[in-house]
Each structure stands twice: as C-alpha cells, then as structure tokens.
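Here come two complexes built around subunit A, the first alongside subunit B, the second alongside subunit C.
What follows is the complex of A and B.
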C-alpha cells in the first residue's frame, strides 16, 4: 500500500486568501484540530512564508513569532512546518528564531529555475539538525528536465525531499505525471506535490502525483489557499482512502477540522472564479488574484486582460509591482484606441 | 588547533609511514608541490611531510598551492607557519609555474562537493580539465621533474561496484548529458590529458583514484552521509538515514590516505592507476550505528525517515588489491578507531 506524508498549508497558503489577516485564535483552533486528526505536518505563517510580511506582498496581522508560539503550543503530535523564500527570510533574523522556537519542518522555496538561491538556508538548517525540504514554485514554467536539474541542486544542498508547486493551478494530470515521474527517476529523496485548483484539477492532479511516485502531498482544509485554493485536504484524504493510499490521517477528525476552519476563519470558501480560470490558463501565480482584481477595478481594466499579459511576461511571485505596470499599459492602450 | 590534536595526528602519521620510510627517502632534500593543498588530503599530506621532516630528518620543502592557501595557513598555523612549508594562493584554472626546483608534484585540486556539481558545473569542469592542463604545462617546464601524481576520483568508474569493489581496469558508463556527472566526466578527461602528456612529454605521471575518507580535517558541513551523521551525533541529535541504509561504502583514514599517495608518487609505475580507499566495506546502516555507539549520548538511528524514498543501492568502494600488492601499502587505522579519532578531534576543535 503506498504511503504519503500529508503537509497541510491551511494556515499558510490560506493566509493569502484573507490578505494575511488570520488571527492568533485561528492558528490555535486549527492547529489543535489538525493535531487531533493526526496530520503529519501543519504549515503556518504569512502566505509567502517566514519574514515575508511587507507592504509589497501584504502585511501580516500577527508576527511570525506570535504565529510560531501559538502553533507550537497547540501542536503535540503533528510537526510544525513553515514555508520560506530566501530573500524574504534571512538566516540571522528569521531562521535562527524559527529554529529556537522549535519549528520541525522547513520548506525552503525558490522559483522553479532558481534553486541556487536556497543553498545557504538549507545548509544552515541541516546544520541545525532540522528536517528540510526544497520547494520549486511555479513549476509549470520549467520543463521536466530543468525541474530535475534544479531538484538535484536542492538535494545536493541537503534537502530531504523536493516538492513542486503548481502555484498557478496550470497543470492537467498528464503534466503532473510527466514531471513527477521525471523527478522520481532523477533524484533519490522523496518527491512532493502542491496543487492549486484554478482549472478544477487539484484533486485529480494530486492523485496523478501519487500514482507517479510522489510521497508528499499538500492539501488545505476546504481548499483554503491562494486564488482558487489548494487541493481540498479532507477530499484527498477520502479519495486516498478509497484508493488504498495510506496517510495516517483520521478522516472524521479532519472533516471536523475542516468544519472548524470554515466556521471560524474562512470568510468565503474558495471557488473557481472567472479570473482564477484565466489565471490558471495563463500560468500566473494564484496569489496575485486579489491584487489583480483590486488594481483592475482602480484602473478600469479587465482583470482577465491583466492575467493574460502577466502570463506573457512570465510574472512570478514577488513581482507584484508588475501588476500595476501591466494595468497602466493596458489603460494606455485603451486610451490610444 | 590544539597541541593535543597535533600530537594525535603526528602519531597517526608516523604509524602509517613507519614501514615506508626507506621508500619515502626518495623525497629527502627535494621540493614537493601540492595543488589543492588546503583540502582534506592536502592537509594530511602536509602533516605527513612535516612528520617525515621532524622525525626522519628528510628535509623536504613543501609548497602548498590552493585557492585559499593563505587562509589555510592561518587556520592551521602549526603547518602553514613552518619554515619548510610555503603557501601560495593559486587557482589552477589560471596558468602558473612551479618553483624551478620542484621535483615532485601531487595534483589534488578538484571540487568533489556535489553541491557545486549541481550549482556551478562549469567551475567544476574547468578546475578539473583546465586545471590539470595548467599543472601539466607547468610540470613540463621543470628540469628536475621526478614524479607527478594526479589525484583523480573513484567516481570515474561509473556503474555499480562488483562484489570485490571497483578495480582499476573496469569502466562503466556515465551519462555525459547529466550535470551531476560533470565531476566524474571531467576527471576522466583529466586522466586522458595526463596520458597525452606522459606520451608526448615523457612526464612520469601516476594516477590515484580516491574513494571515501574519514578523519580530522573533514568538514562536517559537507554533503556526505558520514559528515551528516557525525554532525548530528556530535550535535546531540538523532541520526537520520533516509533510505534503508543498505548502500555500502568504505572509509579510509587520513594518515593512511596521505601515506599511500606519497608511496604511489615515488614508487608507482608511470601510466598506472591505483585505487585509494579502504577495503573495510560497511553499509550506511552499520556506519550510523557505529557512530551512535561512539558518542556518549548514544543518539538514536532512524531509518527511512520519509516514506517512499527511492531505494537505490549505489555501492561505492574500491578493490585495493593492486595498490597493496604493487605498492606494498596497508591500512593502519580501522573504521572504529578512525571514527573515535575523528570524533575526538572535532571535540578538541570545538573546545579550542
């Protein structure tokens, strides 16, 4: 029976969906519920990870320290995980604090072609004896061989697993199969998959990933995550159960956790909006959606046109300022017509 | 570095060279240059040469050439500060000359670190191939050239080891399109260039192909299982083995490695290659358990810490028959003792 490790980013990716305004009590109540459900890893933090709270990508309602304190207090069986992107997270200021506060699993992320940026952070964390995964974001922007090359870098730096993110929700199952298969054959550490649901494929893509050999799967309660959301955790647990894939997660208790999340801190359940579909089609980071909608309304341009243009310009997370640039260009174009 | 550590290392060097002192007299009064001299092997060679000078009055002058030789000299002042040791910051990718009275050369410059293979394969290739080209050019200008030893790599064999380990004349395939093979492939190219220089310029070149080492001077932040296990054990943490631990390796202690290199340099047959490694084969599981036993707090050893890690057994250990028969060399330090010495050295370093 295949066995997968479930990593639950409800309290991290979901923070994107509420402009990083999850409160301490939300972290507490969900950590307790996920812990009771025996979720192996519970990821917490700002949507863009440790140290990312800023005007550019959004200021967090609570500090990293407060989040980690609350999570640590409420997780007894589950491992406490965080996502971090070198540049946002610094070794001295952020990582040393997270290490000392007892974070168990560190997921060090980079754009899919920039794994080189993670070496120092992964090295530091391995030396501190921590469990470290490498994460390749926006993985649809790289072909399978490039992903293997980048994953090998992560493995050589000390990553104990490599997770690819479908940050734009752009994959169809065959895309996932092709990439996960290449990675499973190309590196020796476990491979993971993080889905987004822009094209309604998050669950199917997660199943495809496991069938291709992935052994780390991300899923959020009610799919709470950026844009159209992630793979819905309680659904994939149920589906995996049907497929005979072992997760160790208690189904009823994760259903309870999802109910709690919906009741307490998901103001609007993720849905596949028109702009989400366009975002997925053009391969643009799901986390841009709220800002695209806001700027489109301010500038009087069609958000779908902004996504189309961002896709052409191959925009990646961290380039939020490009949204305004594109909107202005579109505005000018309109005036010219 | 503490005096106690100096004494322990000196003792190891003297034990390793004891049967070979008559052979190593060939080096007496000569000048020896080592490229890549600040690494693990280079540091042990410096320890061994200075032991030969102090205890056997060999009067060997040692030139340590390395990318950061001056930093090495500052870190290990007991070596770098000696009058019989001189250091020069030298990147072998740039052309250079040896001191005109150099008679022996050990070319040990290379980048075995897999992290660099992935991130900067071009530098790895240039260091191996351009580097050996520059070394051979410089050596060809020496009027008293008596011997050059090219430190290659056991990785050039490719494929899987046979039951007795890799022998010097069995070559498997390497996928040259894979960046991860750049080190092995460039070491092959370097050996090929050595063969060309030996043929055209009659430089007496011997090759040695190192496998895995253990001992003081090994940095714990390097990406190899042994280093990771030691780092975690010394840090008081459990030892995590991602696979099932059945992959096999062998670990040669630093003083033995340095001794074998010097014997090969003066006694090896030009054009011939000799494996450099231990015949004491063990699984990664046994290694982790042995390390755990040697650390006071006995850290737990965890296997398959993540599900479905791809279990591929890639054994990597040499046959040492040729070296032992032709060079008459032996190992003097077994793995248990090597680990104990290494752990003791790191503890002393930490307390300095």
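What follows is the complex of A and C.
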C-alpha cells in the first residue's frame, strides 16, 4: 500500500486568499484541529513564507514571531512547518529566529530554475539539525529534465525531499505524471507535489502525482489557498482512503478541522472564478489574483487582459509590481511589446 | 579630460561582473586595465580578456602582491568573503579599492549622490553596494529629501536569471543585507526591506526595481519632479536607466518603478543589473582618474563613461 506524507499549508497558502490577514486566533484554532486529526506537517506563515511580509507581496497582519509562537503552542503531534524563499528571507534575520523558536520542518523554495539560491539556507538548516525540503515553484515553466537537474542540486545541498509546485494551477494530470516520474527516477530523496485548482484538476493531479511515485502531498482545508485554491485536503484524504493510499490522517477529524476553518476564517470559499481560469490558462502565479482584481477595478481595465499580458511577460511570484505597470499600459490603450 | 596618463586599474574576479567591467574600462578614455586576475585560465571571462590582449593572471590577488606597481586602483568583483581577505592586503599596499561585492567594508557609494565624498574621504575602500541598491537608493534618497521622515522604504528588484552568476546566487543573503543597510543610511528611514527576485523567463526580462515608500502625505507632483531630476543624474553614467512608473500613490504608498537596460557589453541588454553597478564603479574610477590628472576640481558627474 503506498504511503504519503501530508503537508497542510492551510495557514500559509490560505493567507494569500485573505491578503495575509489571518489572525493569531485562527492559527491557534486550526493548529489544534489539524493536530487532533494527526496531520503530519502543518505549515504556517505569510503566503510567500518567512520574511515575506512586504508592500510588494502584501503586509502580514501579525509578525512571523507571533505566528510561530501560536503555532508552536498549539501543535503537539504534528510537525510545525514553514515555507521560505531566499531573496525574501535571510539566515540572519529570519531563519535563525525560526530555528530557535522550534520550527520542525523547513521548506526552502525557489523558482523552478533557481535552486542554487537555496544552497546556504538548506546547508544552515541541516547543520542546525532541522528537517529540510527543497521546493521548486512555478514548475510548469521548466521542462521535466530541467526540473530533474534542479532537484539534483537541492538533493546535493542536503534537501531530504523535493516538492514541485503547480503555482499557477496550469497542469493537467499527464503533465504531472511526466514530471513526477522524471523526478522519482532522477533523485534518491522523496518527491512531493503541491497543486492549485485553477483548471479544476487539483485532486486529479494529486492522485496522478502519487500514482507516479510522489510521497509528499500538499492539501489545504476547503482548498483554502491562493487564487482558485489548493487541493482540498479533506477530499484528498477521502480519495486516498478509497484508493488505499495510507496517510495516517483521521478522516472525520480532518473534516471537523475543515469545518472549523470554514466557520472561523475562510470568508469566501475558494472557487474557480472566471479570472482564475484565465490565470491558470496563461500560467500566471495564483497569488496575483487579489492585487490584479483590485488594480483592475481601480483603473477600469479587464482583469483577464491583465492576466493575459502578465502571462505573455512570463511574470513570476514576486513580480507583483508588474501588475500596476501592465494596468497603466492597458489603461492608456498603449500598444504593448 | 587631460591628455595625461590613464589610471591603471586591476580587476580581480573574472565572472560576469569582472568581464563586463573589463570591457567598460577598455572603452574609458581615462582608464587602462593593466591586470585581469582570476583563478582559472579556462573561464570564459579569462578567455575573452586574453583574446582582447589584456594582461591576465590565474593567481588572483597574489598577482598584485607580487607586482604592486601593476595598478593604482583595484576593482574587486569576487565575493563578499573573498573581499574581506583582499582588503586586508590591499589596504597595506595603499591601493584604492572599488568593491563590487556586498561586503559592506567600505564607504557605500552611489555616484549620483556621493561619489565625490567617497573619493575624497572614503578611506580607500569604496563599496558599490548592490545592483538593486544602485537602481533604488538614488530614488529613495530623492524622496527622502522631500519630507523629514520616511517610515518605511522597501525595494524589490527583478533580474533575469541568466544575468545572475554563481557568486550572486550564493550570496543572496549578503545582497539583501547590504541593500537594506545602505537604504537606511541614505534615507534615514525607520525601516527598510530589500527583496531580490531571480526571474527564469525566456526571453530574459529586463532588470526592474520598484521602490515603495510609506511617508506621511507626499506631494506627488514634487516627488515626480525630484525623481525625474535624479534619474537625469543617473543617466549620465547609466544610459539605460529609465523611470517607467513615476511616483504614484497606491493605497497610501508611493510607488516608483525603474527599468535598467544594459549596454550589451558582456551580457545582452537585459542584464541591466550588471550594467548599473559596473557603470557606477567605472564612474567612480574615472573621477579618481580626473582627480589624479588635474589639480582643478572636477564636478561629478562629468559625462558618459563611453564618451
């Protein structure tokens, strides 16, 4: 029977859906519920991870320190996980604090072709005796062989697993099978998959990933995550149960946790909005959606046109500043390059 | 420019930064590159230098130790930890060092703001901060002149993945740290944050930097004037520098975006990050050359480095 480790980014990716305004009590209540459901890893923080609270990608309502304190207090069985991107988070400012506050699992992320920016962060964390995974974001932008090359770098730096993210929700199941198979054949550490649901494929893609050999799967309560949301955790647990895939997560208790999340801090359940579909089609990072909608409304331009243009310019996470530039260009009706 | 002898410069570090600096130095009417030193004759930068007929060495800093008269000024294009070791030696030898690593040992220098004072009293070590710092700090500085206090300044730079060599990637924390310290120093903001995004897109994107400022109730018209004036000062030594979103109020924050297109010297035009820090470094070296060859005070900036 295949066994997968579930990593739950409800309190991290979900923060994108509420412009990073989750409150301390939300972290507390959901950590408790996920802990009771025996979720192996609970990821918390700003949507873009440790040290990412900024005007560029959105300021967090609470500090990293406050989030980690609350999560640490409320997790006893589950491991406390965080996501971090070099370029936002540094060892000196952010990682040393997280290590000293007792974070268990560190997922060090880079864009799919930039694994070598993570070398020192992974090295530092392994040295500190932490569990460390490498994450390749926006993985649809690289071909399978490139992903394997990058994953090998992560493994050589000390990553104990490599997770690829479908940050834009652009994959169909065959795309996932192709990439996960290549990775499983190409590296010796476990491979993971993180889905987004822009094209309605998050659950199917997660199943395809496991069938291709992935052993780490990300899922959020009610799919609470950037854009159209992530793979819906409680659905995945149920589907995996049907397929005989072992997760160790208690189904009823994760259903309870999802109900609590919906009741307490999901103001609007993730849905595949028209704009999300366009964003997935153009392969643009799901986390852009709130800013695109806001700026489109302010400037009286069509958010779909903004996404199409962002897709053409191959915008990646962290390039949120392009949104206003594109909107102003569209507003002027200027011919774009 | 007087017809006196050219200022002798050595470049240590033969990666993207060093190789681009070489081409810019060779074009300068007041500089001559007398040594291009790295560790490996088979690197692409070394091959290029050899082809161009430049004196090359694979002995790094030792090439200067063995022949101290080889140069007057040293460009250090290695890495922050290596620079710390180089500076110990070069200080002893009384060489002026223009540091292109984020080592933060020397006086942080943005030519449009403080080249003259760095050359006059920089203690022989002039630090060029970072590429994102060169693009953003003058704008942040111009904004800081408008009002007494900036509460928070944040700068986010996106650069093409291909323009970032191994040292840049390995030292991404030092990049963030050096950019933030210099921002605080030049703007006296209460908080500063720097973000670097490496963009893997093909074709590669141009370097773009966005400056966000939280500052009371800024006068947007005045801010635009100040930023436009500063951009003109930068363009004198970085021809590809352009303000593409002038200061714009968005949710109470003043947002300005600049784009830097390179001169296409070593890497193609998208590598504005390489260009801006190197143009700044060459501008400083040319100022040193002008001071050395003339007793009259030369105001900076004087003209394009490739004039």
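Going forward, the second predicted complex is superposed on the first by the 333 of 337 C-alpha atoms of A that agree within 3 Å, B and C clash if a C-alpha of one lies under 4 Å from a C-alpha of the other, contacts with A are read in each partner's own complex, and residues count from 1 in each chain.
Everything below uses one rule, namely that contacts are C-beta pairs under 8 Å (C-beta built on N, C-alpha and C of every residue); 3 or more make two chains touch, one makes a residue touch a chain.
Remember, predicted model here, so these are calculated numbers, not experimental data.
**Q** Return first, second, both or neither, reflecting whether A:116 touches subunit B, subunit C, both chains, or no partner chain.
**A** both
**Q** Quick one: is A:190 in contact with subunit B, with subunit C, with both, or with neither? Answer first, second, both or neither.
**A** first
**Q** In the overlaid three-chain picture, which partner chain does A:16 touch, first (subunit B) or second (subunit C), both, or neither?
**A** Neither subunit B nor subunit C is touched by A:16.
**Q** Looking at A:126, would you say it contacts subunit B, subunit C, both, or neither? Reply first, second, both or neither.
**A** first
**Q** Contacts for A:26 in the overlay, against subunit B (first) and subunit C (second): which applies, first, second, both or neither?
**A** Neither partner.
**Q** According to the stated criteria, A:282 is in contact with first (subunit B), second (subunit C), both, or neither; which is it?
**A** A:282 sits against neither subunit B nor subunit C.
**Q** In the superposed arrangement, does A:321 touch subunit B (first), subunit C (second), both or neither?
**A** second
**Q** After superposition on the shared chain, which partner residues are touched by A:161: those of subunit B (first), subunit C (second), both, or neither?
**A** first
**Q** First (subunit B), second (subunit C), both or neither: which does A:222 touch?
**A** Neither partner.
**Q** Could you let me know whether more residues of subunit A are touched by subunit B or by subunit C?
**A** Larger number of subunit A residues touched: C.
**Q** With the touch criterion stated at the top, can you tell me which subunit A residues are shared between the subunit B interface and the subunit C interface?
**A** 116, 119
**Q** Report the residues of subunit B in contact with subunit A in the complex, numbered from low to high.
**A** Per the touch definition, subunit B meets subunit A at residues 114-115, 117-119, 179-180, 220-221, 223, 228, 231-232, 235, 237, 240, 242-243, 305-310, 312.
**Q** Could you pull out which subunit A residues touch subunit B in their complex?
**A** 2-5, 116, 119, 123, 126-127, 129, 131, 149, 152-153, 155-158, 160-161, 184, 187-190, 213, 215-216
**Q** Given the complex with subunit A, which residues does subunit C contribute to the contact?
**A** 152, 154, 156, 158, 161, 166, 169-170, 172-173, 176-177, 193, 195-202, 205, 208, 210, 212, 214, 244-245, 248, 250, 253, 255, 257
**Q** Quick one: which bits of subunit A touch subunit C in the complex? Just the residue numbers, please.
**A** Residue positions touching the partner: 54-56, 86-88, 90-93, 110-114, 116-117, 119-121, 138, 141-142, 313-319, 321-322, 324-325, 328.
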